[in-house]
Structure formats: structure tokens, C-alpha cells
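You will see chain A twice below: alongside chain B first, and alongside chain C after that.
And then the complex of A and B:
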């Protein structure tokens, strides 16, 4: 599988070039265009329960599409859902923790555990769920805004709405930032405190903030 | 204070490195990340003037609070980013004053004064949810834009659609004018331009905030009071 990310970082797409009979898995709806010899299989990947878990816990859609080039090599373009960046990472028998909805496409042999971090990540207040992607293969994930990488050595704090992914070597805890007054008034929601050594991917925009800003423009219904 | 701005112009973010004793203030909700030794306190931004009549629309439901970031010892970093897709630019005020449109203010060094009695230059916009902040003093200021940002040096006159103004220096004179009925029709109620004259800088953005707001207003269902 070869890839090319076009027009980073604002509105990128990834071009995947598959050899004959090679396969790529993608989020339903991520496909932009593809060569005519692609065979598509839409499945509830991981079975019905696997897909339900994925949908409920990680915000991914129920269906995933498996694209296979038949007869010859083929090309397919994938785009993320949100306005933002597309990041590539090659996993070599390792794991990466991704935030809800960040997965775009990847090698079929990568295993996705849709409910990771369990109780700890449920206490986020922002529907904050992680999923673990594990194995060997190519992984493409997306963000709202640009992706910034931070190599944590010690301790680092990131606003929850800005976490895209991180290496599992890091320990994390979810807390409110600031003192008591800050708690209620600061406009900061929950933050994720990372400890140890490892890489964190953060995004430079925040869905929650944008939604709240947009909400402020809505007409107020007058009572009849 | 070191300011590093990346990911221009679409999803820009400022990484501020604070030295010992340095403080930066930012509006509620713009912190992306910080090193563990950076502390945050929250203060009410003002007790009067424009910020007193602040609508929830601007600060998105939270009230008008400013956060101050600082370290007790050593240096630390804090990353700040605005809400809308767009750019960030750093400017240094040297005992000067600028007016910054409300969505264009990202942060300022604590040495910069945010005028609390200033009435907001409301005439620039036909609605209540946008206004200007008055910043003066000596130090770093971070401006953010919806779209890309361009700094224009005025020497004479320049006419700018008010929805495209990020900030301007107080050395400039301005006059608000209607632009004509066709624009009113298209944008739905705005169509105001500012005619700047004199000498000074105007920062403009390549997208129009009230236009986005109106589009959202038309596209989203109304909400209950």
C-alpha cells in the first residue's frame, strides 16, 4: 500500500494506492473517489457487537468499508469528516490511542478496540472516549484544526476537546484546570494530564467551542 | 516572552513560552495545552463599559472571564487557539492603543490594559454580538482572525467592510457608512463599511464574521428562550 497526503494541513485528502488484491479499510463515508476496479464490502466490521460498540463508544459509524483492488492496482481518495488535518502513522507492532471519531482509514490487519480507558475516559464531560488501534500497518487519522505533536517528558496538560491521540506509554488522568473559581468560570472544560514519556497529538480547534459559538447566533424562539 | 505561531493561515495556534514573572491573559476557553508548571487564575475581565453588557453569544455561554497564565519558577509554555478556523498574528504595542474586534482578541501580556469603561464602538455593527475591545500599553498582543489575516498600512484612506476588520490603531480616524442596498440584501442586514483615514495600521481578515453568524442563524433551528 502506498499513500500520498495531498494539501496538508487545512483540507487534506489521502490517496491510497493499492496493489492487485490489496485491501484498505475506511470509515463509511470517507471515500471521495476511486478507480473503477475497486471492490467494496460494507460490513459491520467486528461483527454486529463489534460495530455497535464502535458506534456507541467511539463515535465511529456502524459500518466500515473494505476496499480491495481487483484485477490490477487501484487508487482511492479518502477525506476526513471535519475541517482539519490528516495525520499518518505507521504502526510497527505497537498501539496508538485515538480520540473519538479520529480514525479515517488504515491497513485491514490493524485491530481496533473501541472501548478503551473505560471508566476513566467516560468521566470527561465531553463524551470523551478513546479507542485503541493496535498491530502493524498504516493508520490515517484526522482532527478539527491542525495536528500538533508534543513529545511529553514528565508532565503535560491538554484541554480534553483538543486531544486527538497519544502513545499508550503515557499515563493520563482527567481533571478540571485551575482553582475553585476557575472551575466554574474559566471556560476551560476538562483537561487531560499526561504523565511519563510519549507522544501526544493535539488539534488546534475544538468542536465543543465552535458548537457553543455557533449556538450563540441561533434565533431565540419567541413565545406565541 | 517568546511567541511561536504555527499552522497559518487555516488553523493557527500560538505557543507562548513564559519566562519567570511573565504573565499572559487570554479569554476564557482558548487554552489548548500547557506545561504542568504553568498555573492559571481566573478574573472577571471588567466591571463596566462594553464588557459589562456582554452577551453570552460572544463568550459562548460562559461569562466574560479572563484567564491569566504564569509560572512560579522556571519557564513554561501555554498553547492558545481561537474558536474559528483562521489565522493568528502577534503584535507588539509600544505605548500605543488598538481597537480589536471581539472575536479577534486571543490574548495579551498582562502589562496590556484592557479598557474597562470603553463602550465598544458599537456603531460598527448592526447587531449586539460584536464589538471592539480597547487595548493599550506596552507588550505582546495576540490577534486571531476568521480566515487569513492581512496587515494594511493606511496612509490616506481605506474602506473596509466592518465584518472583515480584526483590529485598527487609534491613530486612524474612521467613519461608518452604509455600502449600498445590494450588499444589505445579500448579507442580511449588515452592509456597513468603515472609511479609515489618516495614518496607521488596519488588520483585516479574509472571511466575514457577521456573515458566518447570519448563515448559522438561518441554517440552525431556533432555540427556546
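And then the complex of A and C:
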């Protein structure tokens, strides 16, 4: 499996070249274009319960598509749902924790499971269930805006809407910034304080803030 | 035994290196893959439990700077340290293990609370929805359902029992009934009490106002007030449409939707079809206590002291102790506690005036024997 991320950084698409009979797994609806010899199989990977869990809790699709290059090699392009960057990471018998909806596509060997983030994450702004991607293989995940990597050494604070994923060696707690006044007026609200050693991926834009901004332009029927 | 870990140190090119760890004389011997090994003095080190799933041991030789940091994602290291290390190290290892247990428990409790909240929400939502639907179901349906299910209800409890036609008895019953129904506010139902000759010690209300009383229970009663209490309880089952509520909530979403979108014809068919079977399942405990509470109010509004109903319950609770179970008990969960609860409610709902019945219950009993 070879890959290239094109149209970076604004509206990237990942182009994956599959060898004959090689397979890639993707979220339903992520495919942009592909060679004619690609065979698509749609299945509830991980069983009905696993898929339900994935759909309800992690914001992913119930069905996932498996694409296989038949007869010869072939190419296939995937894009994330929102405008934002695509990040690639090769997992070598390790795990990565992703926020709700961040998974785009990856090797079929990767195991994806939902993980309850604890009570604290109810205020986390990332949904209270995370996805744990585990195993050996290629992983592509997306962000809203650009993706930045931070190596946490000890502690690091990130706004709760900006976390895309992190290594499982890290844990986080949810905290208020400052006192009640800053909670209500600073526009910062809650933040995630990461503890330990490891990498955090953060996105340079926040879905929630964008929704609030866009809401101002929503057409509202006037009542007479 | 050796463990895999990662050593984070700013002096390394990538900031970290995989290492192999062994416990050696109570200290950690750390071997790096690019040659060189060194020892960690555990006595001064800080132990912390970390990681998203609380399964990583962080060991900081310098708890101030937190660098370098050793990560081990194998909790068996704690066990080995607890067994072989010095007392100080052993204490640190035990503290970390205890912290993990605590976090695990908190997680389980958290998940349980969330699940319970969801279940509660669903329960409240369905109860609300079925109450709403019951309000939309015409009261004519209750009457129809009562008529249809009468033969099977009587047949299952006391097959072949005959109606009591005795004038004195029926007139007295009618007098009690009239007093009670007269105190009801705008009832949609016409009440009809049938007395059946049978040793069955029971009474029940069918939807729509049909009430059936067996002579078995009448012989247990010692006054008109006691009987008025039982009758008031059964009337309130019908008045509060408990049967319909039960049916609607058990029929589930399909029937609810049919009623809500106005498809009364098919919903009615379903209700009539399964309704009589469902009635035989009896009412829920909350419905029984609602009927009790409302019965006290009705009695007071009619000027009948509820002492009768309470006395009847107390009398039966003695039977309960003697294990002489009475059929009314099986369908009406009953105990001294219930009598106590009723007495409490009665205290707040005493009748403004009392109308004594001029009925001699001994005569009625004699005529029923």
C-alpha cells in the first residue's frame, strides 16, 4: 500500500495505491474516486453491536466499506467530511486515541474500538466516547482546520474543542480556565489538561465555534 | 522477568527510546537497545499511574523536573516490586496499585449511573407517551373492552357461578354504589356491580365500569363501610382507566403510533384482541396504590369513613400471617404497611360529614350463606 496526500493543506485528499488483492477500510461516504477494478464490500465491521457502538458513541458510520484491488493494482481517493487537514500515521503494534469522527480510512488490520472517556469527558466537547485504533498498519485521520502535533512532556493544556487524538500514554483531565468569570466570559470555558509523556494531535479550528459563527448567517423566517 | 518500556529523555534525538527493564536488587536495571545500561534509584523516584486507560506506570527519578521519565505499560512490574523491593518502594508500588483499583471502580460506577439515567429517561418517556395516548382513546373503548372480557374474566376465576338476585342484598349494594358514584366528579362510565355466588374471595373491576364481587369476599366483610371501601377501590381502577393504561403500555410503540396518527380502527382491533388477555395479568403496584389513595378521597367525598377499608386491610393482614391466603391478596398486594399508609392518607382526607348506612351487614351475610 502506497499513499500520497494531495491538495494539502486546505482541502486534502488521500490517494492510496493498492497492490493486487490489497485492501483498505474506510468510513462510509469517504470515497472520492477509484480505479474501475476496485471491489467494494460494505459490512458492519466488528459485528452489529460493535458497529452500533461505533455509530452511536463515536460518531462514525454503522457500515464501513472495504475496498480491494482485483486483478491488478489500483488507486482510490478518500476525503474527510469537513474542511480540514488529513494526517497520516503508521502504527507499529501501538494504539492511538482519536476524538469522535476523526477516523477516515486505514489498513484492515487496525482494530477500532470505542472507549468511554470517563465522566470528565462529558464536558470535554469531544463527545464522551473516544475511538481506540490499535494494531499495525496505516491510519488516516482528519481534523477541522490544520493539524498540529505537540509532544507533551509532563503537562500541557489544550482547549476542549481542539483535540483530534493522542497517544494512550497520556491521560487528561477537564478543567475550568480561571474562575467563574472566565468560564462565562472568556470564551474559553473548559480545557483539557494532558498529563504524561506522548504526542497530542490538535486541530487549528473548532467545530463548535464554527457552528456558532455560521449560525449568525442562518436565514430566519420573520414571524408576522 | 523483563519488561518493555519507553524512556523519555530530552538528550535523545527523537526524545524517546525503547528500553528493556529488569528488577535488580530492588532497583530497576534499564537496558537501551543502542548499548549502555544504567540503574534507576527507586527510593527517590516518584511513581505515578497514567495513560488514557490507567494502565501505564510512570517512574520519574527526579520528581521535580519530571525528566527523564520511564513509561512501563506492564502492570506486572508493580507485583514484582511489591514482592522484592525495599519497604519504601513497596509502599509506592502499593499506592499506585490502589489508585488504579479506585479509578477502575469509579469508571464502573460512572458507566452504571449513565446506563441507569438512560433507562430512567426511556421509562419516563414511555409512561408519559402511554398516558397521553390513553387520554386520546375514547372511553367507549373501555366499555367495549369490559363487555368483551367479562365472560373470560369470570370464567377463569369462578366458572359457572350464578348471579345473586336477592332483593335486600342487591338494594343495599345499590345504595352503597349510588352514594359512591354520586360523589364522583363527571364520570364517563355507568357503574354496574354484579355479585356472583362463589367461594372465591375476590372482587375486580373491568374497564368501563363493570365491577364483579364474589360472595366469598362479602362474607369476610363485617360492615357496609368495609364493603364501600372495597367498592371505592375497584371503582377507582375503572375511573383511572388502569386497564387501558396497562394495555397501551404493553402493546408498545406500534399501537401508540396508530392512536397518535388517528388510525383508531386498527388500534382498536388490536386492543380488543389482546386486551382481555392483558387484563387477567392484573394491575401494577403503583396502580394499586393509586386506587387506594383515590378510594380514600372518594369515600370522604361521599361522607363514608374510610376506617372501614383500613379495618378490612388490617383484618386480612392477620390472615396473611396465618398463611390463610385469600385470593384478593394475590391480585391486591397487601400488608399491614398498606393499612398504615392508608391511615396516613385518611388523616389528611377526613370526610366533612358522615352519613351512616342503615344497612345491617349481618342480615346480608345470612342471606348469602
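Convention: the second predicted complex is superposed on the first by the 207 of 224 C-alpha atoms of A that agree within 3 Å, B and C clash if a C-alpha of one lies under 4 Å from a C-alpha of the other, contacts with A are read in each partner's own complex, and residues count from 1 in each chain.
By definition in this document, a contact is a pair of C-beta atoms (placed from the backbone, for glycine too) under 8 Å apart; a residue touches a chain by one contact, two chains touch by 3 or more.
For clarity, every value in this text was computed on a predicted model and none was experimentally measured.
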(message) With both complexes superposed on chain A, which partner does A:154 reach: first (chain B), second (chain C), both or neither?
(response) both
(message) Output check: A:97 vs chain B and chain C. Expected answer is one of first, second, both, neither. What do you get?
(response) second
(request) Return first, second, both or neither, reflecting whether A:6 touches chain B, chain C, both chains, or no partner chain. (result) neither
(request) Please indicate which partner A:40 is in contact with in the superposed arrangement: first for chain B, second for chain C, both, or neither. (result) neither
(message) With both complexes overlaid on chain A, does A:32 touch chain B (first), chain C (second), both or neither?
(response) neither
(message) For the overlaid complexes, name the partner, chain B or chain C, with more touching residues on chain A.
(response) B
(message) Quick check for you: in the superposed arrangement, does A:206 touch first (chain B), second (chain C), both or neither?
(response) first
(message) Quick check on the output: what are the common chain A residues between the chain B footprint and the chain C footprint?
(response) 154
(message) List the residues on chain A that touch chain C in their complex, please.
(response) 97, 115-119, 130, 132, 151, 153-154, 166, 168-172, 195-197
(message) Taking the touch rule as given, give the residues of chain A at its contact with chain B in the complex, in rising order.
(response) 9-11, 83-85, 145-146, 148, 150, 154-159, 162, 177-179, 181-182, 185-188, 193, 202, 204-206, 209-210, 212-223
(request) Quick one: which bits of chain B touch chain A in the complex? Just the residue numbers, please. (result) 6-7, 10-13, 27-36, 38-42, 55-63, 65, 67, 79, 81, 83-85, 129, 213-214, 216-217, 220-225
(message) Could you list, by residue number, the parts of chain C that touch chain A in their complex?
(response) 6, 8, 10, 15-16, 50-54, 56, 58, 66-67, 69, 71, 73, 106-107, 110-111
